[in-house]
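Listed next: structures, encoded as C-alpha cells.
One chain, chain A, appears in both complexes that follow, with chain B as partner in the first and chain C in the second.
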Partner chain A sequence: MSVYEYRVTGSPAEAAAWTRRQAFFTDLRAVWGRAYPRVSGMFREPSWLFFELLLPLLATSAFVFVYRSLQAPSEYVGFVVLGGAMTAFWLNVIWMMASQLYWEKSQGNLELYFAAPIDIMAILFGMAVGGLVMSTTRAAMILVVASVVYGVAFDVQQPLLLVAVFFLTMTALYGLGMMLASLFLVWGREAQQLTELFTEPVYFVSGLSFPVGRLGMLGALAIAIIPLAVGLDAMRQLAFAGGDIAFGTPSPEIEALILVAMTVVFLFAARWMLRAMEERARRDGRLSLRWQ
Partner chain B sequence: MAVNTVDSADPVTTGLGSPEWGGFDRSRTRVLGVQEQWRSFRTAASLGWQMEANWTDPLLFFIYSVAKPVAAALILVVILDIVSGGTDPAYRGFVVVGTALWSFVLAGIAGLAWSVLDDRERYRMLKYVYVSPSDFLVVLLGRGVARIGVGAMGAAITIAIGVVALGVQFDLAQVAWLLLVVVMALGIVSIIAIGVLMAAVCLQTRQEAWHYPEAVAGALFLVSGAVFPLAVLPTPLQAIGLCNPLAWWIEGVRLAVFPGGTSGIGGTGSLWTAVTGTASPDATTIVIALFVTGGLVTLAATGTFRTSERRAKDRGLLDRTTGS
Partner chain C sequence: MSVSPGSVASGPPAIEARGVRRVYNVKPTAVVALDGVDLDVAPGEFFGLLGPNGAGKTTLIKILTTLLLPSEGTARIFGFDVATDVKRIRRIMNMVAGGEQSGYGILTVREQLWMFSQFYGLPRGDGWRRVDELIEAVGFTEQAQQRVSTLSTGQRQKMNFVRGLLNDPWILFLDEPTLGLDVAAARSVRELVTSWKAAVPGRTVLLTTHYMAEADELCDRIAIVDHGRILAIGSPAELKRRVQRESIFRLELDRLDGGVAALARLPGVVSATPAASASDAADRQTVNLDLVLVEDGALGGVVAALSGLGAHIRSLRKSEPSLEDVFVELVGRGFDEEGSDTAAAPPDGSGPGTAPMDQPEHEPGEPAERERV
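Then we have the complex of A and B:
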C-alpha cells in the first residue's frame, strides 16, 4: 500500500501519527520536489549555457595566462584548471544553498516549508541535489575543455582515492552550505552582502589558484576549517602525483579523514543549528519578515 | 461626489493639483527636463547608497567593501611570489593596480544589473519604478552609482595597501593628473555602459542571473590586460583586447600613475607593437582609443537596453518573479 494512500483514522491525533516509512517517503518526495525546479530550470532558460559554462571558462583562462606570463612550471596551469572547476561548487554552495533560505523568506516560500509536514533538511538536501547537477556540468566543462586547450597532463596514481576525496569534498561543502543556511535564516539583508564576502577572500585562503600550503599558518587554518581548501589540495596531490611541486600539506589520506570529520561535524551542526535558528526566528518573528 | 482638494500651501503636493483654469495640462506628459532627470538620478543614487550601506555598522561595511579587492590582489601577489619569488616590484605594481581597478569594473557592472534583479525579484518594485514619471534608465544609473562608490573605495584602499604593505613603488609627484582625470572619466562611462548592457540582459533572465555580472567581468578580465600583458594572449584574443575599452582605461591609469612602467597593451610579441612598430601606446593614443571604444560600447549598450526594455514590456517580464 502506498504511504500516501488515504487511511481512515479515529482521531486527528491518530492521523498525525506518521510511521517512519511514511515520514521518510514524504521527505524523499520533498527532496525531489525541491531539486526539480533547479534541474528543469536548466532546460527552460538556455542562457545559463553561455553565462555558466563559457564565461567561467574564460575567467579560468585568465589565471592560466597569468602563470604563462610568468613562465611558471606546467603543473600550475593544472592547479588553476582544477581550482577553476571547483569554484562552480563553491559558488553554488554560497549562492544557492547558504543564502537560499533568506531568498525563500523574501519570496514567501519559507513559511510554506515550515508549515509542510516535512523535515527542513529534506528541502536543503533537495537544493543540494539540484545545485549539484548544474555545478557538476559547469565544473566538468571547465575541466575537460581547459585541460584539452591548455594541454594539462594529469598523473593519477590512486583513482579510487581521488573519486572518494571528490565525493567527500562535496558532502562536506554542502554540509557547510546547510549550516550557513541556518545562519542566513536569522540574518537580514546582510545575508547577500556576506555571500559576496565569501567569494574572493575564500578563494585566497583556499588556494584556488595556487597550492594552499604556500600560505603557511593561514593555509593550515584553511585546511582545518574550509572543505574547499582541504578537498582541492587533496585532489591536486592525487591528480598531479608525479610532479615536482612540493605541497607542504598533509597527505591525501589524512586530508580525506579531515573531510570525513568535516562532513560529520557540518551535517550535525547544520541539523542542530537549523533547529536552534528556527526556534529563535519563530520567537523573534523573523520567519516571515521580508526585506529587512 | 466629494472630490479631494489640493492644499496649495502644502509643500509636498504643490504643483500636483489641476491647473487654476481647471483643464488638462499637456506639458505634464512631455519628457522630463534636465532638472527633473537630475532629481530622479539623485534620489535613486541616495536610495542606492542607503541600500548598499545601511545594512550594518560602518566597521563591518568597511571590511566588506575592501575584503574582496584586497583578497583578489593578494591571490595574484602570492602567485607572483610563488613563481618569481616576488623579485620584480614593477610587475607587482602592475598586478596591484590592475586588480584594484578591477574592483571598479565588478562594482560598476554588478550595480546596475543587481538593481534590476533586486527591484524585480526581491522587493517587487520594478513595475512601480517603471511606471513612475522618471526615466527608467536614469533611475538605474542612479542606483548603480552607489555601488561604483563602494568599488572606488575598495580600489583606493587596495592601492594604499599595495603601496604600504606590498612594496609597490609610487611617487605622487610623478602622477600625470590630467591624463588620470580624463581616462578615469572616460573609463567610468565605459564601465557604466557595460553595466547597462548587463542590466538589459538581467531584464530578460531569471533570478539566477545574480552572478552573471561577475561571470562577464571574469571573461573581460582575460582580454583587459589587468594582471598580465595582452602580449601573452594568442593574436585573435589580443585583437579583441584592443577593442575593449577596459584595456585602454587600465593602460591609461597605469601610464598616469606609474609612467614608464610595464605596458599591458604593447611590448615584445604584442599585436600592438607588430602593427604600429611602437613599444607601447602614448597618452594621446590611449585617450582617443578609449574614447572611440567606449563610445561604441555606450551606443551598443543604450540600443540593447532599449530593445530589452521593449521586449520585457511585450512579454510581461517587468513584474515576473522566478524561483530556483
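Then we have the complex of A and C:
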C-alpha cells in the first residue's frame, strides 16, 4: 500500500458507502477539529489576557464605583461583576459565531467545510465548543478577580439550579449564535456592521450592569427573546438569593424553562437555516462568489 | 491497496457531464459561465481543462465538487449525481485551488492538516499519523512545526496539496494549482502531483489551468475551453496534430553549398527557409534552416541530398505546434488577447484565475483584535 493511500477500498462506490455510525463519528470529530484552533489559540496568544480580562475588568470596575458612590445595595456590585463575566459570552457569540462564517467564506475555509463530508452544524458546534472554552476561562477569571477585589458575597441556595441555568444559558446563547451565523452569511458584507449594531443594544437590554427588570416592558421583551437577558437574570436571582432586592421578573424556575424553549427553537432554527443557506448558496453561487 | 486504472475502468466514468449549463443571474445581465458542456473522464485519467481566465473552468469544477448546482444538464462523479448524491461525492473527492488561503494562521502546518483530517473522519491518532506520513512523503518535514501564517506562497500550496490528499481521494480537483507561484515552486507542485499520481494510478485528476505547458506536461487528455464551451478534446499530441498538416524540421548544418534553394527543389519539400536564429548560427559558423515537408517520409531524400551537397548535419529537430497554436486555430485569437477573459467569468472576478483575497492577520472591529480562529 502506498503512503498516499489511507482507506483500503476497492472502488469509489465502496469508499462512498459510509454507515450512519461513520457519518456520525465524522461529524463528532469535525466538532473537535474545528474547536481545536480556538482552544490552542488561547494558549498561543497570551495577549488575550490583557484584551479580554483587564479591559472588561476596568469597565466592570467603573460600574462598581458608581453603585458604591450612590450607596446602592451591596448586591448591585455582585450584579455588575456577574454581568461583566457574562459579557465574554455575548462577545464571543456575536463576533466569533455570528459573523464568523462570513469571515470563513472570505478566507476560502467555508468552501472547504462544505466540500467535506460533514454536516455544517458540526463546524458551528466546533466553533461554539472552542468559543465556550475561551469565554468560560475569561468569565471565570473576571468573576474570581472582581469578586475578591470588591468583596462580593454570594448567597447561593440552589446551586444545582444555578449550574443548570448557566448551561442552559450557554446552549441557548450559542444556539442563537448558530442561527445568526447562517443569517449573517446570507446578508453578506453587512455582517460586520450588523455585528457592531447588535453588540451594544444587547448589552443594554440584557441588563449587563443592572437588573433587567428595571427596564419594564423592554426588559420583559428581552427576557422573552434574548438568552443573555433571561439567563443573567436567573443567575442573579440564584446567586444572591438571600437579599431583599425586588427583581420584578419571573422566578428562576420559569426562566430556566424559557431557556429550554429558546435552546430548542434556536437550534432547530439554526439547522433549518443552515440547510436553506447551503441550498441557496449552491443555487446562487454564494459559496463561489466572494463579493456576495 | 494499490488499485490499477483497469480495476475501476469497468465502473462508471469518473466524470460524466451532459449539457451542463450555468448562468449567474446578476444585474444588469445574466452571465453564462457554462454553455452546454459534455464531458467524459475515465477513472485513472489525468484530465486537463485548458482555457483562458473566464473560460468557465472554475465554474465547472465548482459544479463537479457539489458546491454549485448546474442551471441545466446533469453531472455525475463515479455515477453519483452532483445535485443529489452530495455526501457520497464529498467522501471520495478533494480539491485544491491555486492561491488558497484556507485554515488558520495561528496553527502549525501539522495542526492545520490534522484539523482538516478530522473533517474526513480520520480517528484522532490516525489523523496525526497520516499527517506525519504525508508531510514526510512530500518532503515538508522542516516546515511541519512552522506556523501557517509564516509560510511562503509555495510552501503554503504544498501544504494545501497535502490537505487534498488527507482523505485519499478517488478524484482530486486541482483548480489552477500553480497560480501565482514562481517557477521553482510551480515545478515543485507539479512534481508532487505527478509522483502522487504515479503512486496511485487508479486515482483521477481534473486539473484546470491556463498554463499550456503545465497541461501539456501533466495531462493524458485535455479539453480546450472558451466562453463556457468545450472546443476540442484529445491528448496533447492529438490536439497538436489537428493543426499540424505538414512536417516541420529545424536543421543545423556545417555548410550548405548552393543555399536553401538547393533543398527547396527536392521532392516532398514544401519550403526551405533560413531559420529566425540565423544570426546565432552565423556566430557559430553553421547554417540553420526550417524545412517544411509534405510528410515525415520525405526527410530521407533530404538527408541523402545533403550528403551529396557535402553538408554535414549538426542537429535535426522536429518542430511541433504548441497548444497555443491549437487554441489560436480553434478560437482565432491567443490566450492573452482581448475578449478572452471576461465573457464567462463570474461577475465579481472571484472566479477562474483570480488572485486570492489577502488574508488579514486580524479582523478589523473585533474587540480583541486578535487573529481569528
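In this section, the second predicted complex is superposed on the first by the 276 of 292 C-alpha atoms of A that agree within 3 Å, B and C clash if a C-alpha of one lies under 4 Å from a C-alpha of the other, contacts with A are read in each partner's own complex, and residues count from 1 in each chain.
As a working rule, contacts are C-beta pairs under 8 Å (C-beta built on N, C-alpha and C of every residue); 3 or more make two chains touch, one makes a residue touch a chain.
Remember, predicted model here, so these are calculated numbers, not experimental data.
Asks: Contact-wise, after the overlay, does A:22 reach chain B, chain C, both or neither (first, second, both, neither)?
Replies: Only chain C is touched by A:22; chain B is not.
Asks: Considering only the touch criterion stated at the top, classify A:109 as touching first (chain B), second (chain C), both, or neither.
Replies: A:109 sits against chain B and chain C alike.
Asks: I'd like to know which partner A:283 touches here: chain B for first, chain C for second, both or neither.
Replies: Touch status of A:283: second partner only.
Asks: Pick one for A:154: touches chain B only (first), chain C only (second), both, or neither.
Replies: After superposing on A, A:154 lies clear of both chain B and chain C.
Asks: With both complexes superposed on chain A, which partner does A:166 reach: first (chain B), second (chain C), both or neither?
Replies: neither
Asks: Of the two partners chain B and chain C, which one touches more residues belonging to chain A?
Replies: The partner that reaches more residues of chain A in the superposed model: C.
Asks: Applying the document's definition of touch, where does A:8 land relative to chain B and chain C: first, second, both, or neither?
Replies: The second partner, chain C, only.
Asks: So in the superposed three-chain picture, is A:215 touching just chain B, just chain C, both, or none of them (first/second/both/neither)?
Replies: So A:215 only meets chain B here.
Asks: Residues of chain A that sit at the chain B interface in one complex and at the chain C interface in the other, please.
Replies: 37-38, 41, 45, 47-48, 51-52, 91, 95-96, 103, 106-107, 109, 130, 196, 291
Asks: Which positions of chain C touch chain A when the two form their complex?
Replies: Of all residues in chain C, those touching chain A are 1-3, 7-8, 11, 14, 24-25, 43, 58-59, 62, 65-69, 77-80, 85, 87-95, 97, 100-104, 106-107, 111, 114-124, 127, 130, 133-134, 136-137, 165-168, 170-171, 196, 199-200, 346-348, 350-351, 356-357, 359, 363-373.
Asks: So in the complex, which bits of chain A are touching chain B?
Replies: The contact residues of chain A facing chain B are 37-38, 41, 45, 47-48, 51-52, 54-56, 58-59, 61-63, 65-72, 76, 91, 95-96, 103, 106-107, 109, 130, 188-190, 193-194, 196-197, 199-201, 203-204, 208-211, 214-215, 291.
Asks: Sort out for me which residues of chain B touch chain A in the complex.
Replies: My answer: residues 51, 55-56, 60, 64, 67-69, 71-72, 74-76, 78-84, 121-123, 201, 204-212, 214-216, 218-219, 221-222, 227-229, 232-233, 321, 323-324.
Asks: Okay, in this complex, where on chain A does chain C touch?
Replies: Touching chain C from chain A are residues 1-13, 15-18, 22-23, 25-26, 29-30, 32-34, 36-38, 40-41, 44-45, 47-48, 51-52, 91, 95-96, 100, 103, 106-109, 111-118, 130, 192, 195-196, 281-285, 287-292.
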